[in-house]
Each structure stands twice: as structure tokens, then as C-alpha cells.
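What follows is chain A paired twice: with chain B in the first complex and chain C in the second.
The block that comes next holds the complex of A and B.
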């Protein structure tokens, strides 16, 4: 890990709002208005070269949407993403030459995605050869033999045998399919990979294999990961830094060991207390949160967590959005640390 | 890591093509086996194949002229009737032309009009449906409303109107049928693409650098084409009936070119004295359309995995 001055990926006040438009009739008769869902609502995050940032949060907190926006599968409503200091809004630096893959493919040339569900992320009508050849062709690998050798090397690298090259995805197990997905992502020779819950749909025994593979690949190809998961033990194992997300915003961020040793935000505390442990003495005190996650359609005012918080400091929690406070090396969005 | 067993390093498209051929062959063999399990469907397929062969080799398998007859031999009855003659197995029509010959030649018209109008409908409907379903927006809005508009017309009345406007003839007939026929395929493909476009493999292809066009054509369409194929077979029978109806009304293929619809119409006046003139072309329509429908529905049962599970 060699943190330079410029982060590999930086997001500034990134927002992604979804607008639900009611039908013409409902609009006319019931005077229905557009509903805005704030899936991601002002996320500023820095990801440094070579590190793994874990993104945790419960279902519906916007972590997948954030991953999609950062990997450019989705377009942000507001805010900006920077790659090595260059705003993605202006395009990557390549001199505007359409013939260079970086201009044609844009951000996908450097950032790839590993998808959550290996059963739906591979086209059922394409052979493994075709699936892995697609990014190779698109990044300009024209020579057939070279391409063929690259495909075989990639397949071997992720632990599959080249004899499976002409089979279809349904002939593979979930773990094998995820390996194919990883090979497809690697084929683009990316620097940055968004892994959106890459093992959550796999068996526990297979999970460990895929995680180990991802860690090996990181060392070998100097990859940077944004690792999205809801499994806290997994995040603890794989991440260098962790960002905790709640209702479209980052609640707390810090180095993994610091954050797990001393969670600052009340939400992080509650989340970590929920990790099951076999060791009775090591069990943290359980914190049981009241209520459920509020809807992102009408998020609570002020601090998003205040209706469920057990450590409120006063009316400021309800009225004003907390900025990030630096506590030690952690950043926490909670008025308690003002 | 364990050493991998030596494998043949596959090289280039030559190898890829052979693999593809093998996979096609395997799929075809599987289809053949499934057909063998369903004798009725197989029979339908054989009847359709027989009609196609008859249409292609019409000139080789007939001995009479389809358009010119001998007036002295008007209304010869079928061969098995008392005054029948095996030279004219199904008898002759009002102009002394051999009915069997004309029916065989008429197959050409029915199949050509049916296949062409379905082919145009498939191409237009699939292309527009795929774009509308993928891009949504105003394009989808306009096309869908236009499709709704066309669906509101009964097919036959619509086709009569178009034919009256364009005038009779082979090309106009195909155009009139395709002009409304594409709507079915548009709606099918649009719906299926709407369902496919949100699947993760589309995102996967996008991240792999595929353009929108490449995603539509090479990622989504292969997942949709099977249902198009099945609908195409089923619509073929319908198009053949439409062609026969229009020819019956005198708006389709013009005499003396033999077409089943106009043959039924020409025998209508003599139904009491020579029942065979109308009956046999009518039976030919019935046989071909029933065979196509049985075959098409059997194909749907075989190809549609949702039905296969049961």
C-alpha cells in the first residue's frame, strides 16, 4: 500500500435519485406527483490505489446503487467521480482519439464489475469462450491466436480448465460461474474492480475459495477493490478500510481494525454488536435497534439515523445533517463527536 | 497448482465454427428425438414438408398444364366416381383443367405468400420491437400506440381495404398482409426485451465494452429468437388463410394463376353439379393449415422450457 497524493477513485457529494412517475391517469385524476427515491444521497469517498474498501450496510441502504454509479453502469443525478484526479464528466485523458480503447470504452477500460448473482450475470446463450472474448475484442485484441491464448490463460488463472471453453453457463456450478465472471472482469486488464456482493449467493465453502482467489488476483495484478457486502466478518477479513452506509449516506469510515475495535457511530456499534460469536466472553453487548429502516422516499430530517438512535445528543440530531468529524483516523457523521 | 492435462489449444474461428456446427447438430438431433416422441407433431411436420416439396417440384410431378384446359373435358369427376378417369385423379374444373395439377401449383402461391409475409413481419416486428423495448422513451410510445391502432382493425377488413387501395397482385398481397402482421411480432419481442434488458448479463456485456446495438443484436436477441420462431410458425397458417380469403374475394392472386382461394371461388357456382371443384382446394387449405398449426404448437411445447418443466 503506497498512498500517493491523488486517490485512484474519488467521489464528491455523489447523488443518485430515482424518479417514479405516476401514470397519466393518476396524474390527472388523483393529482399524483413524482416520487423521488434518494438511493444515494451525497456520498464522498476516496479509494486509494491498491487498497480494498469494504462497503457495508443493510439491504436497501443504497450500496449496490453506489457501486453501479461508481462503475458507471448508472449515471449520477449530482456530484462527481474522479479517476486519478480527472473528472469522469470530462472523460478520461486520451486526447479524444476515438481509436484508442480508453476513449471508446471509457471508464470500463479501467474499472470492472463482479456481479452478485453468477446465475444471471452470464448470458445463457453464449459459450464461455464468447463471454470472455467479448472484453478482449472490445479492448482491441484482434489477433485470433493471441486472443485464444489469453482466454485460456485467464481461465486457468481463475482455476477453470480450458476444456470447458465451449460449454454454456448452465453447465457450471455457482462457484465456477463466479470464476468465469471474474475472468471476464480481468480480461479488460482493469485497475479497479467493484465487487458487488460477489459471494453472497454461493455456498460457504465456495465463498472462501472465491475470496482467496480475489485476494491472490489483487496481489498479482495490483487491483483496487470496492467490496460491497453485508457480511461483516467477510468485510473484516478482506478490507483495508471500511465505509458503513445508512440510507444513502456514509455514517462512518475508517481503517478496518480501528473501526472494528472501536466503532464510533451508534449505527456501526449496533451493526457490529449483531455479529454472532462463539466465544462467550468476547460477545459484545447486544444493541437492539428500535423500528425499521425508514423509507428512502421520505428520509428523516437531520441525521438519517436519529429516529432509531440510542445516543441522541439533542434537537440538533433532528434538525441538522451531521458533517464528518475526524476522530483519530476515523471519520464519523454523528453530532456526538462535535 | 496441479498440472493441467494437455488439451488441444483451440485456434481461431475455424475451430469455433466446427464447435458451433457440432452444437447445432446436437440440438437438431435432440429436436428430432423430441419429435419422434410426439407422433402427431411429426405427422404434421411430414405433411408440411410434403406440401413444400410439392410446391418446389410442381413442374416435375405434374403432367397437365395448370392454366390451360380442354373445354370438352369440363367437370370430369374424380377418378373413383362412376365416370371418373385416372388421368384426372381429382377431376377437372369448369375449364377442363386438371384439379390436382392446379392444387399442386396453388401450393406455391399459398406458401410463397405465407412465408414471405411472415418473414417480412418477423424482420420488421423484431427490429422495431427490440429497439422500442430496449430504448423505451418516445420511440416506444409512438410505435406501441401505432401497434394498438392496427390491432383495433379486424385483419380481413384491413387487408381488403389495403388491397382495394393498392390493387391486386402478388407483391401487393404480401405487403398488405405484412403491413398488419408485424404487430404481433413487435408486441412479443418488445415484451421479451423489456424483461431481458434489466438482467445482470446485460450489465455484464456493457461493462465488457459492448455498444447498445451489440447488446441488442448479439446479447438480447438470441434469448428472444426462439419465441419469435414459434410465433412465426403459428402465424404462417393464419397468413395462408388470409391469402386464400383475399383470393376467394378476388382481391388476391388473379386467375389464371392457380391459387386455392380463387379455385374455391370458381367452383362455388357449380357446387351442385360438380362438388369437387370447390371441395378439393378447400381441403388442401384445411390440411396445410392444420398441419402447420399442429407442427407449430408441437414446436412450442418442445422449445419452450417453461412448458417443458411440467
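The block that comes next holds the complex of A and C.
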């Protein structure tokens, strides 16, 4: 990982806003206006070849939306995504999608997604063979025998037996389904995988099996992961670098060991302090945050964390959006480090 | 814990007849809870921990039934009480906080009314509306709901997840119960909110001496909150002991598996050790040790007969034949 190289994936000031149009009656009677939810609001992130970037945050912070936009399942409202320095699309007008299907397919060949819910992300009417064959066909694998062999090899690689080929998703347990989802993503021979909470719906004893599988596959196929999770221990285990998200923005970013050893942003500090710990000696000073994550419909001004923050510097926190300050190798969006 | 326990389960067994056969969701569970104690019940989904809680309150719906055992509350067997007598205890002496607050609260009634309901049912404020409302507002501010006078009239959907969970805790606390059964109270919440709720429950325990049973799949959470921990697997208890005994010297291979299969934040990153295989089908639990198939230390005798508890230290019981040199309990 050489920092002078071009990152595999880079986002610049990426935004995804959703517009909620009130119903006709509400518009007529209450003069309700369109509501804009800024789910992702200016995220700049670099992901280098071969590394795992952990994206962590509480529910509603926009981490899933960011994953969807980076994997091009969703279109950004503003900002750009670069793949190996090549812009996926320039000058993106809001709303419309101008990229041609071929270009999109092109990106799908290098970027795949593993979804959170293995129950809803597999088509219940398709057999496992059909589910895994679809990306192979799209990849251009026309020869039937070769395709069958590839499917069997993929199934074996993720720890399933080829006798399961003609079964349907409902015949599998959650952990097995997640393995099928992983096989489907691998079938495209991607370079980059967005794993969106891949184990959060699984039981603890099964989670470890899937995490170990993901780590083995990364070494074997030289994959780059964007690993989205709310579980800080899991993120610590799997990531090389971590980005902490709060209300659509990245609050802090840095190498995993640095960030966990010395969290800089008050939000990161509070998040880490909130994890229950077995080790009595290592229990950090408990910081119990007041209140909940505000709504992204009307996010707080300035630093979005300021209403819950226990380390405010002054009125600057309420009035101005903090830029990233470099502290050591970490980047932190907090006025404290000005 | 010298005097009689507040709640004592003796060989509690709850079954559900299904097409695939009889599912023994809770099999032969014996547990005791002392006054003011914090007890954790830990296990994966389907291990019977929630059904144990529901059985104590006799909330098992047909065709499920409590097939055997006793649940002694202050010496009285809850399972033998009349329905009317049980209603006197449920919600008043033993209250429960459920996992998913949004589906537990009634969407059609204001939150304040729902808290008031338990006061009304148990005649706490002589059915005097103003006094009841005053008490509800007290309760709401006690559990940390801000501006309770205004929020009394709000509906569940106007509350955030953490606030809904606080409202449920307020309902449970309304009659000052002696026992609070908390079934995964923070599973649907974010970590920072989880910390708030656990802090609230700890303060309730300290201020009122309410005994709390925390049901969770998160061993770390139980370790931080509870004084004693019981580990369940496939409907049975496999290990019970004080938190230090269970966490620092776990004796059952399943408990050890649970401890090593979760990644932990430490300086050196070790490979996590998954527990191989899957939880057995509860309609078809193998004889002998239910964990035997997944156990790395399995011996042929493990699969023969039901394994009894062995007491390996005072108060530390484990259902594993590796300790058969210890005296069976």
C-alpha cells in the first residue's frame, strides 16, 4: 500500500440527498414543502488496493447509503467517485442517471456488494445454481460445463456442498444464505466488495465463521473491502483503517490501531466507551452521551455532533462546519484540533 | 443469599407441539434469584432464554404449555396459582421489559395512558386520575423522558427507539416490582443508547433494590451488568456461576466458544475461533449433551445420557462430563 499510488476507490465530496414529497392534501392544505433528507452529506474517502476500510456509525448515520452510492446501486446527488483515478461520471446532475447500461455493468464487474439481510437479498424463486449463474452469464461465461464447474468451485470455496445446487434459499440457515450471497459476489471476480453489515443478522457463533471466510477470501483473491458495521469490536477485528460516520459525514478517520488507541473525536470516544467490556481493568471511563442522533432532515448547524458533545470548544462548534484536521496520521473533523 | 431466594425455578420445562414433533424450548431449568440480584441469562437465538422468562409470567400461548416444574415466587408456586391470582402478580410483583419496544407498545394509545394502565389495573393510586397521572409523570422523568408533561399525550411513533424502551421500563416500574425481567432490552438500540438504558437499569437496581434478570445474547453486556450469569444452550442451562467464575474460568466448552468467537478490542488481533456447525433442531435434540456434535472435546460417552450438573466451585455449576470427577449436584 503505497500512498503515492492512485487509490482504488476515491470519493470526493459525495452527497446523496433524498427528497420527500408530501402528499397532495398536505401540500394543498398545510402548504407542506418538499423535505430534503441529507443521508450522505459530503464524504471524501480514499480506499487503497488490498485494504479493508471499516465504516462505523449508529443507525441512520448514512453508512448504508454511502455503501450503496459507492457500489453504484444508487446515484449520488453531488460529488464524484473515482475508480483507479477514472471518474465514474463527470458533472452529475441531481436525480437523473445518464450513465449507459454498459458503463454501469463495467463497474459492476469490479465492485460487488454483500448485503445485510440474507433473507431478502436472495430471490426465493431461484435455485442456488440460478442465483450464482446470473453474474457468471453477465461476465460472459457462455460454456455450460465451464459455468457449472465454476459454480461448484465457488460453492465449495464458501463452504457449501454441491448437492445444495438445486435447493432454494429458504432451505438454508442464515449463515448458509450469507455464504451464498458471498459466492454470488465472488462470481463476478470483483476487485472491490462493499460488505454492508454482513453478519449482523447472524448468531454470534455463526458470525465468526462468516468473518473468517471473508478474511480468507480477501487474501486469496486480493480483494479490497469497504466493511460497514455498527459493531466496533468487529470493525476493529477486520479493518486496516476505520472511518467513523455521524449524520451523513465522516467524523474521524485513521488507521485502526491508532484510532482505537487514541480516539480524537468526542463522538468516537463516546462510541468506544459505550462498548460493554469483559475486562474490568480495561473499562474506560464511561461517557454516557445524552440524547439521540438528531434527524437528518434538519441536521444541527455547524458540527453536527455539537448538541450531544461534551467537549465543545465554543460558539464555533455551533456555527461552522469543522474541516478535517490532521492529527498524527488521523483525520478528525472537530474544532478542538484546530 | 442465605435466606430463601426471591424467585426459584425448579426443573421448569416448557414444550411446544409442532408437526415435526415436541419442541422442548425450555428443558429442566433450575435457577434461583436473590433479593436485589442482577442475573444474566445468556445464549443464542432459540436457546430458550426468552421462553424461560415468559414461562415465569405464564405468558406461554397455546399450544405451548409448561409441562413440568415449579416457579416459586416468595415460596408460592406461580404455576399453580389461579389466573386471577397470577394477574395480581404479573406486572405488580414481577414485571417484564420486552425486546422490541415498537411492537410492544400499542400504537393506538398515548404513551402516558399505557403507563397509567398498569397503575389502574393494580389500583396503585386508588383509581384517582389526577394522582395516577402525577405518578406517571414522575415515572417518565425517572426513566429519563424529557418534558414528560408534554410527552404524556404523545403516541409511540413519536418516540425514538431509546425513548420507547424507556417508556416500557416506566410501565414495568410503575408498580414497583420486586423482579424486573428484561428480555434483550437493548438489542434493537445503538451502542450509545444501550449504554444509557443499562445505566438506567443499574440505577433502578441500586435505588429500589429491584432484582433484574437480563436476558441477552451479548456475553460482554451480561458480564458488565450482572453479578451471576447462566448460560443456556438448546433449552438447557449448561453453566451457572458468578460473573467472575463464568467469564474468567469458563468450564463448559460452549461458554468458552462464546467467549472466543466474538472479536474483542485488544492490542494484538487474534483469529477468532468460530464454533463449528449449527444449533441442533429443538424438535430433535440428541440424547446426552446437546453441544456434543459441535464440541472439540467430545468423547463417546457424551452422547449417551443426559449430563448432570457438576459443582466445580461453590456456586459454579457446569453440565460437562470433563468435570465428572467433581461431585454431581
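The rule we apply is simple: the second predicted complex is superposed on the first by the 319 of 338 C-alpha atoms of A that agree within 3 Å, B and C clash if a C-alpha of one lies under 4 Å from a C-alpha of the other, contacts with A are read in each partner's own complex, and residues count from 1 in each chain.
Going forward, contacts are C-beta pairs under 8 Å (C-beta built on N, C-alpha and C of every residue); 3 or more make two chains touch, one makes a residue touch a chain.
Treat the numbers as computed from the prediction; the structure is a model and nothing was measured.
Because the two structures share chain A, they can be overlaid on it, and in that overlay chain B and chain C fit beside each other without clashing. With both structures placed on the common chain, the touch criterion links A:271 to chain C but leaves chain B unconnected. Legend: residue contacts after superposition of the two complexes on their common chain; A:78 is shown touching neither chain B nor chain C. In the superposition on chain A, contact of A:234 is made with chain C only, not with chain B. Of the two partner chains placed around the shared chain by superposition, neither chain B nor chain C is touched by A:30.
Looking at the shared chain after the overlay, A:108 reaches chain B, while chain C stays out of its contact range. Contact with chain C, but none with chain B, is seen for A:203 once the two complexes are overlaid on the shared chain. Once both structures are fitted onto chain A, a short way to say it is that chain B and chain C open up an angle of 80° at chain A, using Cα centres and rounding to the nearest 10. Note on the superposed arrangement: chain B and chain C approach each other to a least C-alpha distance of 12 Å.
Within the complex formed with chain A, the residues of chain B that make contact are 4-5, 7, 9-13, 16, 19, 23, 199-201, 203-210, 219, 222-223. Residue ranges on chain A touching chain C, taken from their complex, read 58-59, 173, 175, 203-209, 211-212, 230, 232-234, 236-238, 257, 260, 270-278, 283, 286, 288-289, 292-293. Of all the residues in chain C, the ones that touch chain A in their complex are 44-45, 160-163, 190-196, 198-199, 217-221, 223-225, 247, 257-259, 261-265, 267, 269, 271-276, 278-279. Against chain B, in their complex, chain A makes its touches with residues 68, 71, 73, 101, 104-105, 108-109, 112-113, 115-117, 120-127, 129, 134-135, 138-139, 144-145, 148-149, 152, 156, 161-163, 165-166, 181, 184-185, 187-188.
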